[in-house]
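Each of the next two complexes has chain A plus one more chain, namely chain B in the first and chain C in the second.
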Partner chain A sequence: MSDFFVTYHHLFNVFLIGSGYGLSQWIVMRAGVFSVATAGLASLGAYTAAILTTKLGWPYPLSLLAGTLMGTLGGFLLAVPLARLRGVFQAIATLAFVQVVVAIGLYADSLTGGAVGLNAIPTLVGTKETLLALVVVVYLMSAVNATRLGRAFEAIRQDEAVASSLGVSVTFHQALAFALSGAIAGLFGGLEAFQTYTLFPNTFGFPLIIAALSYVVLGGRRSVTGPIIGTAILLILPEISRPLADYRNALYGLILMLVIAYMPRGIYDTAVLYLRRRRLAASSSQEARQ
Partner chain B sequence: MTHMLTATDLSAAYSGIHALRGVSLAVSEGEFVALIGPNGAGKSTLLNCLSGVVRPTGGSIRFNGEELVGTAPWHVSRKGLLQVPEGRQILANLTVRENLELGATALSGRHSAYTLERINNLFPILAERREQRAGSLSGGQQQMLAIGRALMGGPRLLLLDEPSLGLAPVIVVQVLAALRSLNAEGLTILLVEQNARQALDSTDRAYVIEQGRVVHEGVSSELAKDPAVIAHYLGQGKTAKH
Partner chain C sequence: MSALVIENLSKHFGGVAAVSGVSMEAPPGRVTGLIGPNGAGKTTLINLITGVLTVSDGRIHFGGQDITQVSAHLVARSGVARTFQNIRLLAEASVIDNVMIGFYRNEKTSTLASLLGLPSARRETAALRSRANALLERFGMSQYANHEAGGLAYGHQRRVEMMRALASEPRLILLDEPVAGMNDVEAGELGEIFRGLARSGMSVLLIEHNIRFVTNICEYIYVLDSGRMIASGTPEQIVNDPAVITAYLGS
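What follows is the complex of A and B.
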């Protein structure tokens, strides 16, 4: 029984971290940027936090803050050259950025431990701290969504020319989205570092890119809830499909394909739309009866 | 006479296709000017050059004495040169109120003569539907919202790209009437239209462009009587097909 608890407790922590990465991916896509930089920005945060605490003995909250700032700075600096690129070119450029970060992690082994990994990171962060971080981020992102900033993001995502015609600066808002994405990725990278004991450069490589993207695509791109639902589904799925363990990745891919094909808005946003339509239909049939 | 907006010898090209070949036009304060011409003549390209969305390959654009070529489109908007884009382009997921509020971004500290109250008087339906999703509005209501949203940004010159597109004739009449009343209150307007007859009936002056060049220009009521314009753009007494 206690084994069970340990298993699911760990899964819950993974879910919290994954949700953080999902939200980092979500905020850039919200502003119409097709970036996959989240993995690289998370790596910056994770290594910054881990190195400051293991090598310089910084207290972990300070290291987490430094990791967050490092992610923010990374996101902001990425935004400058990327302001000239659009769509799939942004994706390719950010993919290259992630590979560069992985390569630095592998070759700067005096600092990062290289391929052997950065070991013996004290486990200083638990579920409580991670949950608190996620709640704060969710609150802040909901606030962003509800203000003019979120509407400006929405306008840019729909059509940059239209956003410009309303006086919304595309360059400024996309840089801001990158910085926010970097801050969230950096923070949760740091939280992961203080939970997992060891960091490997490849932890923040291609698989994380795909995971973070999937959370958002599966869950939904509009509301803050979407990526969290997406993370929950994609993490619980392998657990409930244990008997199909050998086919786990195939199942994962199949579900993603089905969702993209039949629910391009993602599960949560599709559900919201469905409920809204039903409510509208109900109220209009009521009006018709009166 | 000093002009509010002057475009001089403007040219633009997309991947080798010359959309504009040396267009010059001028709009004075308080005028209501139409830009008419067939599909693909370069009307929308010209408007997009003025609003900064498309960068011209040559020529100059001066707005209140300031050169605009090379200015980011959002800075152009903030100077009060505001475009109502083709196809309305309202933000369907936001409410009517949120759309209008977003329009005020272009003010960036300037003062707007168009308060929410004034816009609601102009288009009462927007006040009625204030908290509804903009996507649930009809096409005509969406066009009113798009105009209202641009007004929130305090325009000194309003550019409209085919506001009649896809609207029922009775709605087109309403929209044009609203534009005339805005003009009567002092707003300068440059209107792009395919529906030449209605555009000439509503405006003071007009430019006819064809294949990226201005081929006729003059007072709207006179152009409407010009045999060459009638033959090409208005049809002999028949209603234009668009």
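What follows is the complex of A and C.
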């Protein structure tokens, strides 16, 4: 068991960070926003935290906080011009945002190190801190889901006209979702920075967009558990399918296609729905017999 | 004070006048009818009142306040609820969750309390759940509480939409063809519910093109045709009005 943990320790850390990005992606989609900004917001948090500690000598908790705030601010500012866009237009606009962040990372090399990377970031956080951060975020997101905000998000996601006819402000809630997404992405970006030694602008580019989106689509969009399960499956899969390593991307694509085609709500949400339907069917057939 | 007063309201889509120069009133305690043939502008009028569409000209007052330019969610918060002509439920959510979102307008939980999952936020959610259960019971829908709203029969979906609107405890309720597709018995039952709402002091505005139903339920009726108000009065006056007969049966 301890051998297992040593071998997979690094993988576990990657899973924790990935889950954070997954939840950042999840919370905007929860409010009906098709944003892919998570990668760019994570970049803001990662570079903010790393630069403050390496260049200004800030203690790492303060740098993480600053990274989180930077992500929040980025998300909020992004929400303002995006309030008028919907669906695929939001996706394109946020994709452009991510590209802009990557480009700034490459060109502002006096600050970010450019394509060579920002080097010699001290390794200051480990599994414990990352796990703690994930637990806090999971708690907050579960709280959102279980109370007033969750109901408002769900109404907006399913039908904006209905939501506003009941007094729910679409603009406010989508801006809030963006800010929360930015906070989570910024925090986990900072945590990644303090675990990786080097940051490259392209770490937060297209592959991360696809990864974060896949975690949510695969795992599920409604419950908090969904994106975490999606992350676990997509990160562990390459490990257990080592013999198929050459076909790893093909396998990825195949699984995603199958899930989208047969479980459009994602693995976890589909399972929950299936169990609930079975329970309802059982209870109504019981009533019929009585 | 919570009367709806519309003055000289117009809405143009490009060169087309969907509603022109319409004035009407829906006072509390009365079921007010709004009828007219298809395409008369009835739903456009509702969308203007609720702030979904922007007004081209004229004024809308509600409860003594000018709500002409107020955005949709704020109109709803001031106490205007509606149902939709083509039922609009949160199809993936359960029946009880559909009703619970109706309480949103009067919820006390702050954004921060909800985010932090404070006990007060969870208590309010629990309280709303039991109020939603009470509503379900009143409408005879308890056994469907955990069913997905999208999978319900048509008549049941109508009831869910009605419960959702009532959950917001509105001062004005706009019902857009609420008995479409129902038989006379079902329609009659709903009609009784509407009259009960009016008796409790609510303003009820009923949009229909079924004249028989409207004349049975409403105390006062407005008739819209091609965006213009062609008649108004008691049910007896309306059914005998030559302009109304022409609009419905052709000259």
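Quick notes on this one:
In this text, the second predicted complex is superposed on the first by the 283 of 290 C-alpha atoms of A that agree within 3 Å, B and C clash if a C-alpha of one lies under 4 Å from a C-alpha of the other, contacts with A are read in each partner's own complex, and residues count from 1 in each chain.
Everything below uses one rule, namely that a residue touches a chain if its C-beta (ideal position, glycine included) is under 8 Å from a C-beta of that chain, and two chains touch if they have at least 3 such contacts.
All values derive from a computational prediction rather than experimental measurement.
When the two complexes are overlaid on chain A, chain B and chain C occupy overlapping space and clash. Looking at the shared chain after the overlay, A:144 reaches chain C, while chain B stays out of its contact range.
Look at A:155: by the touch rule set out above, it reaches both chain B and chain C. For chain A, the partner touching the most residues, choosing from chain B and chain C, is C. Applying the stated contact rule after C-alpha superposition, one finds that A:176 touches chain C and leaves chain B untouched. Judged by the touch definition given at the top, the superposed model places A:168 against both chain B and chain C. Annotation: chain A residues 148, 151-152, 154-155, 158-159, 161-170, 280 touch chain B in one complex and chain C in the other. Residues 48, 51-53, 72-78, 82-85, 89, 91, 93-94, 98, 101-103, 105-108, 136, 149-150, 153 of chain B are the ones that touch chain A when the two sit in their complex. Listing the residues of chain C that touch chain A in their complex gives 50, 52, 71-74, 76-77, 81-82, 84, 88-93, 97, 100-102, 104-105, 107, 109, 111, 113-117, 121-122, 124-125, 143, 146-147, 164, 168. Looking at the complex, you find that chain A touches chain C at residues 139-140, 142-144, 146-152, 154-155, 158-159, 161-170, 176, 180, 276, 280, 284, 287.
Listed in rising order, the residues of chain A touching chain B in the complex are 148, 151-152, 154-155, 158-159, 161-171, 222, 280.
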